[in-house]
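Note that subunit A is present in both complexes that follow, paired respectively with subunit B and with subunit C.
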Partner chain A sequence: MLKILKYSFFDMMRSRWIYLYFGFFFAFTLSLFLISTDLSKVVVSLMNVILILCPLIATVFGVMYYYNSREFTELLLAQPIARRVIFLGQYIGLALSLSLSLLAGVGIPFVIYGIFQSADIWNFFSLLLNGVFLSFIFSGISFWIALKNDQQKIRGFGLALAVWLFFAVIYDGIFLLLLLSFSDYPLERFALGASMFNPIDLSRITVLLQLDISALMGYTGAVFQQFLGNGTGMLFAFGVLTLWLLLPLWRIGRIAGVKDF
Partner chain B sequence: MRYFIIILLFFISGHSLARIIVVCKTCPVEGIGVAIQLAQEGDTILVKRGIYQEYDIKIDKCLTLIGQDWPVVEGGNQSEVFSITAPGVTMEGFQIQNTGASQSQERAGIRIKNTSDFRIRRNRLLNTYFGIYLEYSRDGIVEDNYIKGEAVSETTSGNAVHAWYCKQITVRGNSVYGHRDGIYFEFVDSSWISHNYSEANVRYGLHFMFSNDDRYFHNTFRHNGSGVAVMFSKRIDMIANHFEHNWGTAAYGLLLKEIYDASLRDNHFDRNTIGIFMEGAARINYENNTFSNNGITLKMMGGCIANHFKGNFFFSNTLDLVVEGNTNDNSFDGNYWSEYTGYDLNRDGVGDVPYRPVKLFAYVMHRCPESVVLLRSFFVDLLNLSEK
Partner chain C sequence: MISVTHLSKSFSRLEVLKDISVDFTRPGITAVLGPNGSGKTTLIKCLLGMVIPDQGDIQAFGQPVKGQWTYRSQIGYLPQIARFPDNLRVKELIAMIKDIRGTAADEAPLIEAFGLETYLDKKLGHLSGGTKQKVNLLLALLYDTPVIIMDEPTAGLDPIALIRLKDIIQREKKRGKVILITTHIISLVEEIADEVVFLLEGRIHFRGTPEQLRMQYAGANLEEAIANLLLNENQATAVHPKLTQNHNGIALHKNLKPC
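Moving on to the complex of A and B:
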C-alpha cells in the first residue's frame, strides 16, 4: 500500500495543477498580508476562502484523478494486490498531496510574517487543521462517487460537484429556511445538531468560535461556545470530522471489494 | 485714601488669620480628625506622609486639606472615610483605602453631602466601596483622581464617582477602574464630564439616569461591561469620546434608552459588539463619528424617531445597521460606508447609487437569532449579494 501511496503521491506532485493550487494559496495569503499585517484579520479572510475552495478543489481533483489514472488502475488490478489497498493507496496519496499544497501555500507566508510570535497561532492551526480535514473528506467523497460511476465520467463529475454544491450552499439554505419557519421554537439545540451533519459548517463554526467575533453570536453563540468552546468540545468536533472522513473510506473499501471491473 | 488702606490692611490681616495646622505622626497634632476639631473656618490642614488609621472623618467647616507625599488614610474595612458637609472644602493629595463593603450604608471614600463649591482633586482611592459619592450638592469639581476598585459582580460593588441630585458639577481628568459604574449620574443637571479614563468596570463606563442638560467630551471608555448608558435623559451632548473594546455577548459601546434631543459629534467607536444600541431614542443628531471594527454597528429597536446620521464614517464593521420594524423618519445622509460597492460616474466624491445599510441577512438575523450560526458562510454572502 505504501508503494501505491508513494506512486500516486509523486504522480500528483508532478502534475502542474497541484503547483497552481499551491501557487494560488501562496499568492493569496501573501497579498492578504500586504493589505493587512494584522494576523487575526488574515485568518478570518482566509477562513472564507479555505472553507469554500478546499472542498471544491478536493472534489474536482478527486474525480479527475480517478478517471485519469483509470488505465493504470486496471494494470494494478491485474497484479496480485488487494483491491482495497490499491484504491486506498491512491486516495491517500491524492489527499496528502492536496493537503501539503494547502499547508505550504498558506503556511509559508504566515511563517514569514511571524506566526510563531503571535497569539493567534492556535486560530491559525485550527484553521489549517480544518482545511486538511476538508481536503481529505471531500476528496474521499469524490473518489467514492467516481468509483461508483466507474464507466460514466460525466455523471461522476456532475454528481461530485452536486455534492459539493449541496454542502457549500444548498444545505445552509435549507437550514436557514427551517430556522425561519420554526423560529417560534427554541432552536439552539437543533442548530447545534444540524451543523454536525455538514463538515463545512462544522469547520466554520469551530474556527469562528475561537475568534473575537463569537461574542457577536449572542445566546446561540453561547450555547455553541459551551458545547464546542472547551477542550472536550474541540475533540468532539474533530471526532465528528473524523467520522465524516471514515464514511467515504468505508464505502470505497466496500465497493472496491465487490465491484466488477 | 487712608481709610481705604486701613480697610485693605484689615482684609489682608483677616486673611492671614487663617492658620495652617500640620498633621504628622511626630507633630503635636497626630490625627486628621483631631486637626479638624481644632481648626476654624478657612484653615488649612497639611497632612504629612504616614498611615492614618481613621474613619468617619467629618469635615463640617470650610477647610483646605492637603496631603503631602501621599498620606494614607486607612479605613480598615470599618466604615466610610471622609464625609464633607460644609461648603468650600478642598481636598488634595490623599490616598484613601479600604472602606469595606456595605449595602445599607453605601460607604464611600469621600462623601459630599448637601453642600457646594467643593474641590476634590488629585486623590487616590483604592478598594473603596463607592469612590467619591456626591449627593444634593452643586458647583463643585472632582478632578484628576485615581480610583481603583476590586468589583467582582454588579450587586456587590459600588460606583467610582457617584452623583445623586447634583447641579453644575464638573468631573474632569479622573481615571476609574474596577467598580460597578465608572461614573454614575442620577438626577444630575447641567454638569460636565471630560477627559476621564474609564476602564474595566463591571457594568458601565459612564451611566446617566434622569439627568438633563449634561455634556461629556474627550473621555475614553475601554473594556467595560458596556461603554456608556444614557437612559431617561434629555439634552445630553456627547463629543469626541472614545468607546473601545466593549466586547462580550451583551456589551455595547453606547446604550441610548428613552433619550431626547441629544447630539453625538466626533466620537470614535472601535471594536464593540454593538456600537450603539438605541431604544426610544428621539431627535438625536449624529455627526462626524467614526465606527470601525464593530460587530453590529447600530441597532435600532422600537420608538426611535428622528435620528439623523450625517457625515459619519463606517469602516469594516460586520453589520452596519439592524433595525426593528420601520425606519420611521430616521435619516442617513452623506455618510461614508466601507462596504459600498456602487460607482461614482461624475467623480464628485459621492456615490451615484445610494447605499442600503440594512443587509438581508441582518434582517433575517433579527427575526431569528439562531440563524447567526450561518454568519460568514458562503450562502449568506450569496444572499447579501443577490439583494444588490
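Moving on to the complex of A and C:
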C-alpha cells in the first residue's frame, strides 16, 4: 500500500497543476493579508473560498487523476498486489498531495503573519482541518465515480461535477426553500439534521461556530450553538465528517474487488 | 499448474466465455487460437484475476484464485496492448516494478536481447509501438516464473526481436515452464506450439497438437486446416442472408422460413 501511495503521490507532485493549486492559495492568502492584517478576518474570508474551492478542485483532480493513471493501474493489476491496495493507495496518494498543497498554500502566509503568537490559532486550525477533510471526501467521491465509470470518461466527469454542484449549491438552495416555506414550524432540529447530510454545510457550521459568529445565523444558529458549540457537539460533527470520509473509501474498496478490467 | 472448470463470463448481455474447462499443467508451449472476439483475452484475464468470472472455478498452483493475488508473482504476464504511464522513463519503469514487487531481478540480459540500451532514458510516451512492445516483453519476462502468459507477443516486433523472442521462449520451455501464447500468426504456432487450444464463440472447439488439428480438418497446412474449421463452423451454425441476382442487380433475401 505504502509503495503505491508513494508512487501516486510523487506522480501528483510532478504535475504542474498541483503547484498551480498551491500557488493560488498562497497568492490569495497573501493578498488577503495585504488588505487586512487581522487574522480572524482573514480566516473568515478564506473560509468561503476553501469551502467551495477545495471540494471543486478535489473533485476535478479525483476524476482526472483516475483517468490519467489508467495505464499505471493496468500495469499494477497484473502484479501480485491486492486490488483494494492499488486503488486505495492511489486515492490516498492523491488526497494527500491535494491536502499538502492546501496546507502549504494557506499555512505559509499565516506563519509569516504570526499565527503562532495569535489567539486565532484554533480558528485557523479548524479551518485547515475542514479543508483537509473536504479534500479527502470530495476526491474520494470523484475517484469512486471515475472507478465506477471506468470506460466512460465524459460520464464520469459530468457525474462528479454534478455531485459537487449538488453539495455546493443546489443542496443549500433546496434547504433554504424548505426553511422559507415551512417557516411557521419549528425547524431547528430539521435544519440540524439536514446539515449532516452535506459535508460542505457541516464544515461551514463547524468553522462558524469555532469563530463564534453563529449569531449571524439567527435563531437556528442558537440551536446549532447549543448542540455543536460545546466539545461533544464538535466531536460529533467531526465524527459525521469521518463517516463521509469512510463512505468513498468503502465504495472504492468494494468496487475494486468485483470490477473487470 | 492452472486449471479452469466450468468457467462462464458475460459482459452485460454478451456471453464471452461459455462453460470452459481446460487445464494448463504440462510444461511446454500452448497456443490459444481463435478468431477475434472468441474470448482468448478474456480467458487469460480471468486466469490473472483481472476479469472476475460469473461462474466456474479457477485454480492456480492448487489454490483457488478468487480474491487472491499472491499467486500472480508466479505468473509472467504480457498484456495485449502495451500501455504505460507516458511521463515515466524506461529505466524508471523497470525500477518501479522491481520496487513494487520487492524482489530482485536482473533485467540486463533482456535489455540486451531486445536492444533497449539506447531507450533506457527515453520517456515511454515517446517510444514507438514496437519498442513499447519490447518493454512490455521485458517486464513480462523479468521474473523467473513457472508460468508465462503472453497475449499476442509478436505484435509490432521487428524480425530480429522476433527471433530473440522465439529463442527466449524455447529456452524457457526447456527449463520446464508452462507457456501460454495467443496469436494470429499461424506460422509461429506451427514453429513453436506443442499444443493448440482453439476457442470459438466462447467454447473450446478443439484441443490437441497442431498436427492433430491439421489432420482432423484436412488441410495441407495448419492455416488451411483452421480456415476449414472456421468455414465448417459457419455453415453448420449460422443462418446467412442469401445473395441472389435479379434484374435490378444484387438483392438481399433473408431466410424467412419459420424455424
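Keep in mind that, in the parts below, the second predicted complex is superposed on the first by the 259 of 261 C-alpha atoms of A that agree within 3 Å, B and C clash if a C-alpha of one lies under 4 Å from a C-alpha of the other, contacts with A are read in each partner's own complex, and residues count from 1 in each chain.
Following the convention adopted for this analysis, a contact is a pair of C-beta atoms (placed from the backbone, for glycine too) under 8 Å apart; a residue touches a chain by one contact, two chains touch by 3 or more.
None of the values given here were measured: they were computed from a predicted structure.
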Which of subunit B and subunit C A:M47 touches, first, second, both or neither: first
Subunit B versus subunit C as contact partner of A:K3, first or second or both or neither: second
Partner chain in contact with A:E71 - subunit B first, subunit C second, else both or neither: second
Chain touching more of subunit A, residue-wise (subunit B, subunit C): B
First (subunit B), second (subunit C), both or neither touched by A:S183: first
Touching both subunit B and subunit C, residues of subunit A: none
Of all residues in subunit C, those that touch subunit A in their complex: 11, 45, 48, 50-52, 67, 69-73, 77, 79, 83-87, 96-97, 99-102, 139
Residues of subunit A that touch subunit B when the two form their complex: 44, 47-48, 51-52, 168-169, 172-173, 175-176, 179-180, 183, 187-188, 190-191, 195, 200-201, 204-205, 208, 212-213, 215-222, 224
Subunit A residues within the subunit C interface of the complex: 3-4, 7, 11, 14, 69-72, 74-83, 257-261
List of subunit B residues in touch with subunit A within their complex: 247-249, 251, 271, 273, 295-296, 318, 364, 367-382
